[in-house]
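Each structure below is given as C-alpha cells.
One chain, chain A, links the two complexes that follow: it is found with chain B in the first and with chain C in the second.
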Partner chain A sequence: MARLIRTEKEVEGRFEEVWLVVEEDPLEQWPAGPRDVVGRPAVRKTALERVRGEARFTADIRLPGMLQAAVLRSPYAHARVKQIDFTQALGLPGVHAAVGPGDAPGLESEAGYAGAPVAAIAAETFGQAHAALQAVAIEWEQLEAVLDPEDAVARGLLASDPERYERGDFERALAEADVVVESTYRTQVVLHNSMETHQAVCEWVGDRLDVYISTQYIWGVRDEVARGLGIPADKVRVVCEYMGGGFGSKNSAGEYTFAAAELARRAGRPVRCALTRTEENVAAGNRNGTIQKLTAAARSDGTIVALGGEFVNALGWGGWSAGTDGPMRMLYACDNVRTVKVTTKLNTPPMKPFRAPGFVEGTFGLECLIDELAAKLDVDPLELRRRNYAGSNDGTPFSSKNLSDCYELAQKHWDRRHDVRARSTPTWKRGVGMASQIWYGGGGPPSYAWTRVGSDGRIMVVTAMQDIGTGTRTAMAQIAAEELGVSLDRVEVSLGDSARGPYATLSAGSSTTPSVGPAVRAAAADAKRQILEIAAQRYELEERVLDIRDGRIVSSDGNLSVELDELLGLLGNAQILGKGARGPNPTGMSVHTFGVHVAEVAVDVETGEVRVERVAAIHDVGRIVNPLGAGSQVEGGVIQGIGHTLSEVRLLDPETGRVLTQSLDAYRMPTIADVPEIVCEFVDEPDRHLTSLGSKGLGEPPIVPIAAAIANAIRDATGADVHELPISREEMLRALREAKERRGAPAAV
Partner chain B sequence: MPELRLTVNGREQRLEAPIGTSLAHVLRERLGLTGTKIACNEGHCGACTVQVDGVPVLSCITLAHAVRGDVTTIEGLRDHPLVAAFVRADAVQCGFCTPGQVVAAAALVAANPEPTPEEIRHSMAGNICRCGTYPKIEEAIRTWRD
Partner chain C sequence: MELLQPSSLAELDGGLFVHGGTEVVPLLRDGILRADRLVDIRAIVPRGVEGGRIGAGTTLAELEADPHVPGALREACRLAASPQLRNMSSLGGNLLQSTRCWYWRLKYPCRLHGGDRCHAREGEHREHAIFANDFCASAHPSDVAAALLALGARLHTNRRELDLSELYRLPDEADRSTTTLEPGELILEVAVPPVEASVYLKAMDRKRWSFPQVGVAAARSGGGTRVALAGVAPIPWLLPSEGVDSATPLPRTAWKVDVARALVRRALAQVA
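Up next is the complex of A and B:
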C-alpha cells in the first residue's frame, strides 16, 4: 500500500526534506554472496549493438525534414545584449527560424560568461545555421567581469551566504594538541567532455513535444521542458535509449533543448541542436575549482583531536556549492570539527555536478593533510586511518560500513611499498600512497518497474530509467532473472522512454542500481507470485510449496519439476504483469559508500614527470550485482581520476575570461597509453538495512580517493608535498624544490 | 555539384557533394552509416575512425573527394571476431567511441595478429574513451582470436 512520509532525500550529497509517497518492499534480502545470476559476471545487455555501431544515440536520430540549429554565444565574459536583429540572417539560404534572448529558457540578454548562449538559428544544414549566426546584427554592452575567486571572496561577491558547521570545541582542541599541520590545497576546473556532446532533437506532433536527448534524467528533462514551455508534462515525451556519457553534466535540459523546441515550433519542422566540441569545452559545465585551507591536530598517540577547513567553491555563472567539506566532517572520528564553505559567483562557465561533486575535491585536500599529519607524527598512514576510524556519522549510525575490511584487503598492496621504493633509481623515485573514501550512493524512492511475462517464456522489465553506460540495464536484468529463477538470457529491459514505462530516478549520484534495483526485484516477485498462483491451479498443489528454480516450477517435496515454459505456454495471448516500487531508506541512518585506493608512482625528479604504475582500488558498496561491470566502473573511475590528477585542466584567459582549452588536443584526457595496472577488489557485503537488495551505487566512489592516493605516493617517493591539481611538471618541480629547501639543501632543481 | 565516387564496405557509391565535405559527413548523412561517430569533428579523438585500404583514417578530417582506396566502416566489420571479443571483455561502457575503437583495432590485428600490450597501447592511443574502458579494450585485443 502506498504511504505518505516526510523524509530526507539525498542526491549527490544534497539533502532536502520532502513529502514522499512510498510503497513498502516486503521482500527479505538474499543471503550474501553470489547467487545464481546476481553476483556473477554478466556480459552487458546491448553490448553487441554498441560495439557494432547499431545503437542509436541522440547524435544518430534523423527525422524527416529535420533542421539543424547553431547557437550564438557571448564573446564577452560579462555583457548585455542591447539590440539584436535577425532580419539579414533570416534571409540567408536555408535559414528557417531564429530565437533570441527571452524567446526560450536558457537564452538570456545578460551573458554571464564568455560562451553564454543568447540566440539560436535553425537552417537546413548546420553550416547554413552557423553561417547565419555571423549575419545576426547584435549590439553588446560590456559589463564588469569577475574572474578570480580570491578577488571575488575579497570583494564579498558570493553566490550565497557562507555555510558553517561546527561540532565540539575546535579552538580548544587545537590549542591542546601535540601536533598540528596546516596546508592549503587547490583543485582546478575540469571538464566532463563526454564523447557525445550535449544535444537534443525536438519535434512537435500536434500539441505534443517529442524530445530525443542525450540525458541522465529523462523525467527531469520532461518536467523542466514542460515548465519552461508552459505545457502539461504529459504532453512531453522524452527519449534516450543510448547516450554517449554524461558524468553529471547531463542531468537537466539545457539551452540546446529549449532552443530546439522553440525553433521547431516556429519552423514547423523537427530541429536538432547539438553542441560542437568547442561548445562542449566552453559552455557545457565543469567541476568547479576549489581553494582549501585545512588544519589537522592530533595527540602524539595519533588520535586526531581537531579538523578544520575553510573551503572556497569557485563556481562560475551557475551551479551549486557541492560538499567539499563533507569528507572532513564524515571520514574520521574527531570530536572537534569546524568548517566554513564560501561559494563565489564568477563570470566563468557554470559549474555542473561531476562524478562525486565536492567529495573528489575535498578528499584530495583532506587525505593529503592526513598523510602530512602521519609524516609529522611518524605514524604509518594506514595505521593512522585505522586509529581514527569513524563509527558513526556525527552520532548517526551508518546503515553499513565495511571500511575496516577495505583496509584489511588493502594491507597486501600497502605492504608492497618497501619493494616499490627499492626499485627507485637516481632519476626515477618510486613510492606508494593511499587514501580513503566516503561518499553517498544509497539512492532512494521513488522508482518503479514493471515486468511482463508472456507465453514465450520471456520476461520484459519495463522501467523508464537510463543506462548512461554504467551497465545498469544489465544489473536490472540480472535482478529480475534472479528473483524469477530463470537464466539471464530470458530477460530483456525496456528503458529510456518517458512514455513507455513508470518513473525511475536519475542516473546520477550513484543512485540507479540502489534505487531502481529493488523496484525491479519487487516487480519480478509480483510476477513470480502470479505465476505460482497459476501453477498451483494447474498442478493442484498449494502455492506455498511451489517455487521457480533454474527455469522450472518445482515443489518443495521434489515431486513436481516441470519446465516453466510448459506452464507459461498455457497463457496464449494472456500476459502476467508485475509491478514493483522502491521502498523507503532506513530511518535514522546515514547511508554511504566507502573505499580505499593504494597507488604506486614513479617520479622523474629531474623533469617532474609523474607516472602512475599501479592502483589497487578496494570498495565497499554493498552487494555487487555484476562483478564484471563493477570492475569496469572502478577502472573507468580510476582512469578518469588519473586524468583529473595529472593532466586535465581547463584554462581561462585571465584578461578576457575566454576558455583557452577548447579542443581535445588542448584539454588532455587520459588515453590507453596512460593507464596503469589496476586491481579491483570489493567487500561484497549487502547493506542489511538498505532495501531488499542491499546494494549501493558504484559510479562515483572510484574517482573519489585517487588524486590523494597519487599525491601521497609522490610524498612517499620524493618527500615532496604537492598541493595543487593537476600535478603538472611545474607543480611537481615546485614541490621538489620546496622539499629540498626544507631539508636544508640549496634548491638546485 | 562535383561527383563523388567511393567504395564503402565493398559497394561502389556514386553521389554528388560539395568539395570540402568530410568523409564522416558523407558516411553518416548521405549513406546512413551512423556507426561511424563524430565526437570532436577535429581529428583529436578517434571516434570517427574508418579504414582506407586497411589503414585507420580519421574520417572527420578526411576530405571525401580526396579518398583514394576502399573505405571500410564499422558496418563492414560487424562480423569481425573483435566484436565478440569486445563484448566478452566488457570493453564498452557508453559505447560512443567503441565503433572507432573496433575499426582501429581491426587494422592493428590485420597487420599484427598478436600485438604486445605495448604495441596495443601505441596503436590505440589515438582513440579516446572518456568512460575509461581501456584495460578491457586491451584485453579484448589481446584475446581477439579466443
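Up next is the complex of A and C:
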C-alpha cells in the first residue's frame, strides 16, 4: 500500500526535504555473492544493435518533413539584445521560422556569457539555417563582464551567501596539533563532451508534442517542457531509447529543446535542433573551476585532529554550487572540521553537474593534502587513512561501509610500490600513489516497473527509464531473470519512452540501478507470484512449495519439475502483469559509496611528461549486478579522470571571455593510447539496509579518487607536490623546480 | 562552389588547391579560407618515394611505413595527427599547415589575419612561440617540416627549386604570410639528401593526435648536425648556433624552453 512520508531526497549530493508517496518493498534480500544471473558477467542486451548501427540514437532521428535548426549565440561575454529583426533571414531560401529572445524558454535577451543562446532559425537544411543566422539584424548593448573568480570574490560578486560548516573547535585543535599542513589547490574547468551532442527533435501531433531527445531524464524533460510551454504534462511524450552519453550535462531540457518545440509549432513541421561540436565545447555546460585553501592537522601518532577548507566554486552564468567541501566533511574521522564554500557568478559558460560534481574536485585537494600530511608525519599513506577511518557520518551511521575491505584489496597493489620505484631511471622516475573516495549513490524512490509474461514464455520488463549508455538495460533484465528463475535471454526491457511505461528516476547521481533495480525485482516477483498461483492450480500443489528455477516449475520435495513454458502455454491470449515500486531508503542512515584507487606513474623529470602506467580501482557499491558492465563503468570513470588529471582544460580568452578550446584538437581528451592497464575489483557486499537489492550506483565513484591517486604517485616518484589540474608539463615542471629548491634550501642557508 | 579535377599541370588556372583536405576543409568550414573554385590536385602531384625524391602527394601514412625514408621524417609522420588523418594528408599539404593558434583559428583580428595586435601575447598563450614571437606569437604545427628542415630538404614546385628554409618567412608588418609560395605555385616534390643519422622527438600532451608542444629534429651528415624545431616559432625553426638559450619565452611559455632544451640534448645524443 502507498504511504506518504516526509523525507530527505538526495540528488548529486544536494538534499531537499520532500513529501514522497512510497510503496513498501517487502522482499528479503538475496544472500550475498553471485546468483544464477545477477552477479554474473552479461554482455549488453543491445550490443549487436549498437555494433551494427541499428540502434537509433536521437542523432539518428529523421522524421518526414523535418527541418533543421541553428542557434544564434552571443559573441559577447555579457550583453543585451536591444533589437532583433528576422525579416531578411526569413526571406532566405529554405528558411521556415525563427524564434528570438522570450519566444522560448532558454532564449533570453540578456546573454550572460559568450555563446549564450538568444535566437534560433529552422530551415530545410542545417546549412541554410546556419547561413540565415548571419542575416539576422541584431543590435547588442554590451554590459560589464566578470571573468576572473578571484576578482569576483574580491568584489563580492557571489551567486549565493557563503556556506559555512563547523563541528568541534577547529582553531583550538589546530593550535594543539603536532603537525600542520596547508596547501592551495586549483582545479580547471572541464567539459563533458559526450559523443552525442545535446539535441532534440520536436514534432507536434495535434495538441500533443513528441520530443525525441538525448537526455538523462525523460520525465524531467516531460515536466519541464510542459511547464515551459504551458501544456499538460500528459500531452508531452519524451523518447530516448539509445543515448550517446551525458555525464550530468543532460539532466534537463535545454534551449535546443524549447527552440525546436517552438520552431516546430510555428513551421508546422518537425524540427531538429542539434548542437554542433563547437557549441558542445562552448555552451553545453561544464565542471566549474575551484580554488581550495586546505589545512590538515594531526597529532604525532597520526590522528587527524583538524581539517579546514576554504573553497571557491567558480560558477559561470548558471548552475549550482556542488559539494566541493563534502569529502573533507565525510571521508575521515575528525572531530574538528571547518569549511566555508564561496560561489562566484561569472560571465562564463554555465556549470552543469559533471560525474560526481564537487567531490571530484574536493577529493583531489583533500587526498593530496592527506599525503602531504603523511609525508610530514613520516607515516605510510595507506596506514594514515586506516588510522583515521570514519565509522559514521558525523554520528549518523552509514547504511553500509566496506572501505576497510577496499583497503585490504588495495594492499597488494600498494605493495608494488617498491618494485615500481626500483624501475626508475635517471630521467623516468616511477612511483605509486593512492586516494580514497566517498560519494552518494543510494538512489531513492519513486521508480516503477511492470512485467508482462505471455504464453510465448518471454518476459517483458516495462519501465520508462533511460539507459544513458551505462548498461542499465542489461542490469534490469538480469534482475528480472534472477527473480523469475529464468535465463537472461528470455527477458527484454522496454524503456526510454514516457508514453510506454511508468515513471523511473533520472539517470544521474549514480542512481539508476539502486532506484529502478528494486522496482524491477518487485515487478518480477509480482509476476512470479501469479505464475505460481496458476501452477498451484494446474499441478494441484500448494503455492508455498512451488518455485521457478532454471526455467522450470519445481516443488520443494523434488517431485515436480516441469518446463515453465508448459505452464505458460496455457495462458493463450491471457497475460500475467506484474508491477513493482522502489521502496523507501533506510531512515536515520547515511547512504554512500566508497573506493580506493592505486595509481602507478612515470614522470620524465626533464620534460615534465606524466604517464599513468597502471591503475587499480577498488570499489564498494553494494551488490554488483553485472560485473562486466560494472568493470566498464570503472574503466570509463578512470579514463575520463585521467583526462581531467592530465590533459583536459577549457580555456577562455581573458579579455573577451570567449572559449578558446572549441574543438577536440584543442580540448584534449585521452585517446585509447593514453589508457593504462586498469584493474577493477569490487567488494560486492550487499548493503543490508538498502532495498531488496542491496546495490548502490557506480556511475560516478570511479572518477572521484583518480586525480589525487595520480598526483600522489607523482609525489612518490619525484618528491614534487602538484597543486593544480590539469597536471600539464608546465605544472609538472613547476612542481619539480619547487621540490628541487626545497631540497636545496637547507644547503643554501 | 566549383570543384575542378585537372589531370595535368597545364590545366591549372587559379583556385584553391586541395589534396587530402584535412586542413583546407576545416578552414573553409570555419570561414578562414574562402574559395569559389576548389582544385583537386591529387592527379597532378607526384606520389611515392624514389631514392631521395618524395612526391609531395605522398601521404604521411605512406611515409611513416617506408623504410627508405630517413628516420626523422618517418618518426615525424608517425607522431603526427591520428591514423585517419595520416591516411588522408599529403606531405606537401602538411608543410603548408596553418598555425593552431586559437586566436587565429577563431578569426580574432590578429596580426596574422592582417590586424594590429597579437592577442596571444597579452592573452592565453601557454602553447605559443618561444622564438621570433615579437610580432606574432603563433607556433607552427608541422612535425614534418621540422624534420625536413633538419634533413636539409629541397623543394621542387611548378615554378622553381628552393631550400625548404626558403619556403618559410616570418610574418611582418608589410606581409603577414608565413610562406613565400606565390599564387598558383604548387609543391611537387621534396628532395631529401642522404644523412648519416636522424631523429625526431616530440613532446605531446597525449600520446596520439597532439600537435607538437615542442618537436625537435636532428640530422647528422658530413660531420655537421642540423637541429630544427616544431611548435616553437611562427614557422619551422632552425636552431640557431647559440641554441635554446636564445629563446624569448612569454610569461606562460617558459616551460617550453625547458622541454626544448631537454629534447635538443637528447636528439643530439641520439644522432651522435
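The definition used in the following text is that the second predicted complex is superposed on the first by the 744 of 749 C-alpha atoms of A that agree within 3 Å, B and C clash if a C-alpha of one lies under 4 Å from a C-alpha of the other, contacts with A are read in each partner's own complex, and residues count from 1 in each chain.
Keep this in mind: a contact is a pair of C-beta atoms (placed from the backbone, for glycine too) under 8 Å apart; a residue touches a chain by one contact, two chains touch by 3 or more.
Predicted, not measured: the structure shown is a model, and the values here were computed from it.
Annotation: superposed three-chain arrangement on chain A; chain B versus chain C shows no clash, the two fitting side by side.
Using the contact criterion defined above for the overlaid structures, shared-chain residue A:Ser194 touches chain B, although it does not reach chain C.
Contact comparison for chain A: of chain B and chain C, B touches the greater number of residues. Touch criterion met: A:Ala673 reaches chain B and chain C at once.
By the touch criterion defined above, A:Asp665 reaches both chain B and chain C.
Of the two partner chains placed by the overlay, only chain C lies in contact with A:Thr607; chain B stays clear of it. Of the two partner chains placed around the shared chain by superposition, chain C is the only one that A:Arg729 touches, whereas chain B remains out of contact.
When the two structures are aligned on the shared chain, A:Asp653 is found in touch with chain C, with no touch to chain B.
Once the two complexes are overlaid on the shared chain, A:Gln88 sits clear of chain B and of chain C alike. After superposing the two complexes on chain A, the shortest C-alpha to C-alpha distance between chain B and chain C comes to 5 Å. Once both structures are placed on chain A, chain A residues 663, 665, 670-673 are touched by chain B and, in the other complex, by chain C.
Remark: chain B residues 28, 32, 34-42, 44-45, 47, 73-75, 78, 83, 86-88, 90-99, 102, 120-122, 124-138 touch chain A in the complex. Here chain A touches chain C in the complex through residues 606-609, 646-647, 651-655, 658, 660-663, 665-666, 668, 670-674, 728-730, 733-734, going by the rule given at the top. Against chain B, in their complex, chain A makes its touches with residues 43-44, 46-57, 59-60, 62, 192-197, 242-245, 247, 276-277, 468-471, 628-629, 631-632, 635-640, 663-665, 669-673, 675, 678.
Taken together, the chain C residues at the contact with chain A in this complex read 82, 100, 102-103, 105-106, 108, 119, 122-124, 126, 203, 205-211, 213, 252, 255, 258-259, 262-263.
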